[in-house]
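Okay, so chain A shows up in both of these, paired with chain B first and chain C after.
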Partner chain A sequence: MTLFTLGQADREARLLPELVELTEHHRAASPEYARLLAALGHPPGRRYARVADLPWLPVRLFKHHVLKSIPDDEVFTVLTSSGTTGEVSRIYLDKAAASVQQRMLSATMQTVIGGRRLPMLLVDTRALFTKRRSFSARGAGVLGMMNFGRDHTFVLDEQDRPDPEAVRSFLARHGDQPFLIFGFTFMTWLYLYELAREHRLDLSNGILIHSGGWKKLADRAVDNDEFRRRFAQETGLRHIHNFYGMVEQIGLTFLEGPDGGGLYCPDFSDVIVRDPATWREVPVGTPGVVQVISTLPRSYPGHLLLTEDRGVVHGVDDGAWPGKRFSILGRLPRAEARGCSDTFAAAA
Partner chain B sequence: MSTVVERFPAGGPVTVEDLLAALRSAPTDGPLTVGDERVVEFLVAFARRLLRPAVARRHPELASLGFFLRRGELARVRDRVAETPGELRFPRGLVFHVPPANVDTIFVYSWALAALAGNSNVVRISSRSAGAADAVLDALNETLADAHPALRETQRMVTYGRDDAVTAALSVAADLRVIWGGDGSVTDLRRHPLAPHARDVTFPDRSSFTVIGVAGWLAASEAERDAAALGLYNDAYWFDQAACSSPRAVYWIGPAADAATAQADLRARLRAVLDGKRPEVDAAMAVQKRVATYGLAVEGTATGIRFDGNDLATVELTGPGDIPRRWLGVGTFPQARVDALADLAPVVVRRDQTVTHFGLDAAELTAFARTVAGRGIDRLVPIGTALDFAATWDGYDLMREFTRITTVGVR
Partner chain C sequence: MTLTDRLRAVFVDALELPEGVDVENLKYRDIEQWDSLGHMTLVAAIEDEFGVQLDTDQVIDLSSFKVAQDMLRGLGVDE
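Up next, the complex of A and B:
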């Protein structure tokens, strides 16, 4: 079973009525969202011909405002994002949403790692969990992924130094059958790739899942193609899947196809790349700002979100999996919130 | 030993003790006086450099500064503290200025007036200063070459890092401390004591708005309305609508039906100005504006949001009391309507600084100011002049603040 089956026309036809229904659901359940729709000129019952016409929310709204479509006493858990500026998104889930979140994340990952828990190599340090001060988005991300594996082995020791013995011993036990590797993109390159090359380690049975973007590798001139080519050439690792997701989009993971030709959307989701000058959808091949679309969020109005990421759609129904094939190009710079005469002393 | 870097006169690192010792020795040809000719000559020569086309083209805000420092203007400012029989005016002594980092020319106004008043000055320049601020420092240093040595001996602009010892030493040495900054910065600086006789002049966070008389708008000529739209553009789009006196809301005074007509008219004219000026609104700023305006609707303070392109957003406020004083992003105009100007009086708070106006007469504005009675609002000025600095700022007559009086009585 796979979640990557719908061609673009079928996807649109299926998503549109569900998204319209979700919009009405959130309008009825969230007075804040209802006020916003009214202010933007989206009255109840308005007809929409295309998903792109539906009203979207800037994702940062969840950092400044409580937006939820469930009563307080049904809040089961609140997810928070990491924020470099101290701002965090707060995403409210009831029991049903929490269960959808887990189920869909698992289903998506199973597309590439199968239904069994595999031995797992983590390109990170156990110190993530022992030093409380450093428990961050990285820690939360690693922890979330650990569910998909067993026999967890960390590539870095407590002092953040590569630990070749740990990796060698892991490979001796598990290297002859499929095993899972997880890490942030830059860590995977800086530590696992270098280590495997230096010690001539065989990763050919590995399945690498990685995320986090290329910014930290830009000065090394490593992009996705180079990353895949060098891993294959030097370590034998060929099963590589980049992914893209955010806390504001529960259960949704955009996953790179087996051939590395871009990220794909699970069947309950889509992306639209918009021109930041006009906010209209741009043609295939033109970079813009990424809007993410998902039918999963029922407990908070996050079904149509404008991210602060730049991206580009490479093609539609022309890749390893059906639907749009896209890449993330990086983050938008942040417009500084300003007071009128701010911060001389504070910023000195 | 704590050191600072001298930017004007351009120099290198110097200890704060040496800096203060130099300022304490008597300048060539005697101490500066109020309105000292040596200072006037320097400021006039400096202004001429700012008004050079090459400078003014790159930094239009420096041209405004240049106009402010013309000889005639300086004479007018000096006359504000002219001596009267039995009342002599003297400089306060040493003034320590701590200007804001983000409006990079305001330190010059504050310093120039204090210098004109005959004070020795130490101005802290942000280490992040760039663009216009650097152009100012270059012009000041170039002007110094032909200036009277007393200028070099009494005036200092310095940069230093996060060093409380420097701030403490300069504070305790000062006869007057001038603090511009966010509320937090002002409070933070006040931890450093002044000498018992000294005092602070503070310019904390402020916000500003525009009022437009609906009848006055509709009665105005095409040219007057176009000029008002251009004025609103200058007030709002310079400094990304983030200066203290940048208008952050527009109030319409008059009946609802006519107000709608006037609002649509202004929006169309402002749109035309923007089509000519093409201010840069990048993707990050465009997102910021969406986040800010959508947030107003989520909070319930806005009932309508309209974008005419990324550079022009108008927001209908639920009521006049809901004025958003925080920065929303450049080219964002929340607006509301009231029947009469007096209806706005309860909305005004201490933080409110500048009211720019159009279509209202002096009697109406004066009556409004009397109703507010100083609880807030320091200046009511015509639309288009929000950013024009004046020698009376935030309610202070600066030349009076920068001088002291000795009375001479005889029987």
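Up next, the complex of A and C:
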């Protein structure tokens, strides 16, 4: 089973009516969202020819507004983002939404790791979980991935030091068959790559899933291509999938294809890159601000969101999987990110 | 021991349940011990006790004591 099947024309045709329906659902269920739509000039009953024409919200709004489409007594869980400035997004899920997001994350990941739980190497420290009631966002991310593995083994010890013996013993038990590796991109590079190179460890049966961006590796001149090339060359690890996702569109994971070459969109999703001056969609190859689109959010109006990330679409229906192929280029400068949402803040 | 008795013991042990918890009616996240971290411990303990391997979907579906019971029956564990 795979969730990466729809070419761009089919995707657009399938997503448009679903997103229109979701927009009306949220308008009816969330007075605050209804006010935003009115202020944006999107009255009920307006017709849309393309997904790109639908009204989107800047992701920052979830930091300042309670945007939810379920009654208080149906809130099952409230997810919060890690904010660099102390502000956090609050995302409200009912039971159905919590279940759907878990299932879709799982179906997406199973595209590249299969349905069996594989032995799992975590490029992180067990100390993440010593304070049980106060996981960091990082801890929550690691825990979410642990469902996909078994015999979870941490690369770092309780004092955050690389633990070559733990890794060696894991590889002795499982290294001759497919195993899973998960970590944040910079930690995977700083700890696993360096450790494997130094100790000449064979990771050729590994499947690495990583996320978190390249900013912390910029001073080492490591980008995605270099990361893939050196892991393959020094450790034999070739099954590598970067991913991109955010708490505001929980359940949606944009996943790097098997040959690198960019991130792809699961069938229930899409991306649009926009010009920050005009908000028009930019042509393939032109960088801009990334809008993310998902049909999953029903409990909060997060189906059409403008992120604070810059990105570029490399191609459409021309890669290993169908649909758009894109990369994230980094965060927008702060002032620019603020500017994106000022109009909306005023309207709300 | 019956499947139910063994499973009850696994739940109590893996989740470190206090006395008096109605184990057989327990659902995921009913109590603080059965959170996502407790879930990992519980799954590993069930696999050890019954000699089974749960796949990813089963780990996600395992949302109550009763579901776990049915799942183990489905995997051919003797009553």
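Note that the second predicted complex is superposed on the first by the 330 of 348 C-alpha atoms of A that agree within 3 Å, B and C clash if a C-alpha of one lies under 4 Å from a C-alpha of the other, contacts with A are read in each partner's own complex, and residues count from 1 in each chain.
Definition applied: a residue touches a chain if its C-beta (ideal position, glycine included) is under 8 Å from a C-beta of that chain, and two chains touch if they have at least 3 such contacts.
All values derive from a computational prediction rather than experimental measurement.
Q: Looking at the overlay, does A:M146 come into contact with chain B only (first), chain C only (second), both, or neither?
A: In the superposition, A:M146 touches chain C alone.
Q: Quick check for you: in the superposed arrangement, does A:Q102 touch first (chain B), second (chain C), both or neither?
A: second
Q: After superposing on the shared chain, does chain C or chain B touch more chain A residues?
A: Looking at chain A, the partner in contact with more of its residues is B.
Q: For A:T295, is the partner it touches chain B (first), chain C (second), both, or none of the two (neither)?
A: neither
Q: After lining up the shared chain so the two structures overlap, which partner does A:Q8 touch, if you call chain B first and chain C second: first, second, both or neither?
A: It touches nothing on chain B or chain C.
Q: Report for A:S81: first if it touches chain B alone, second if chain C alone, otherwise both or neither.
A: Neither chain B nor chain C is touched by A:S81.
Q: Check whether A:F129 is in contact with chain B, with chain C, with both or with neither, and answer first, second, both or neither.
A: Once the two structures are laid over each other on A, A:F129 reaches chain C alone.
Q: In the complex of these two chains, what residues of chain C are touching chain A?
A: These residues of chain C touch chain A: 32, 35-37, 40, 44, 47, 53-57, 59-60.
Q: Which of the residues in chain B come into contact with chain A in the complex?
A: That would be residues 98-103, 106, 124, 126-128, 160-162, 167, 180-182, 184-185, 188-189, 203-207, 240, 242-246, 282-288, 290-291, 294-300, 302-305, 310, 316, 326-327, 329 of chain B.
Q: Quick one: which bits of chain A touch chain B in the complex? Just the residue numbers, please.
A: On the chain A side, the touching residues are 32-33, 35-36, 38-41, 57-58, 60-61, 64-65, 67, 276-277, 289, 306, 308, 310, 332-335, 337-348.
Q: Which bits of chain A are touching chain C when the two form their complex?
A: The touching residues are 102-103, 106, 109-110, 115-117, 129, 132-133, 135, 140, 143-144, 146-148, 150, 152.
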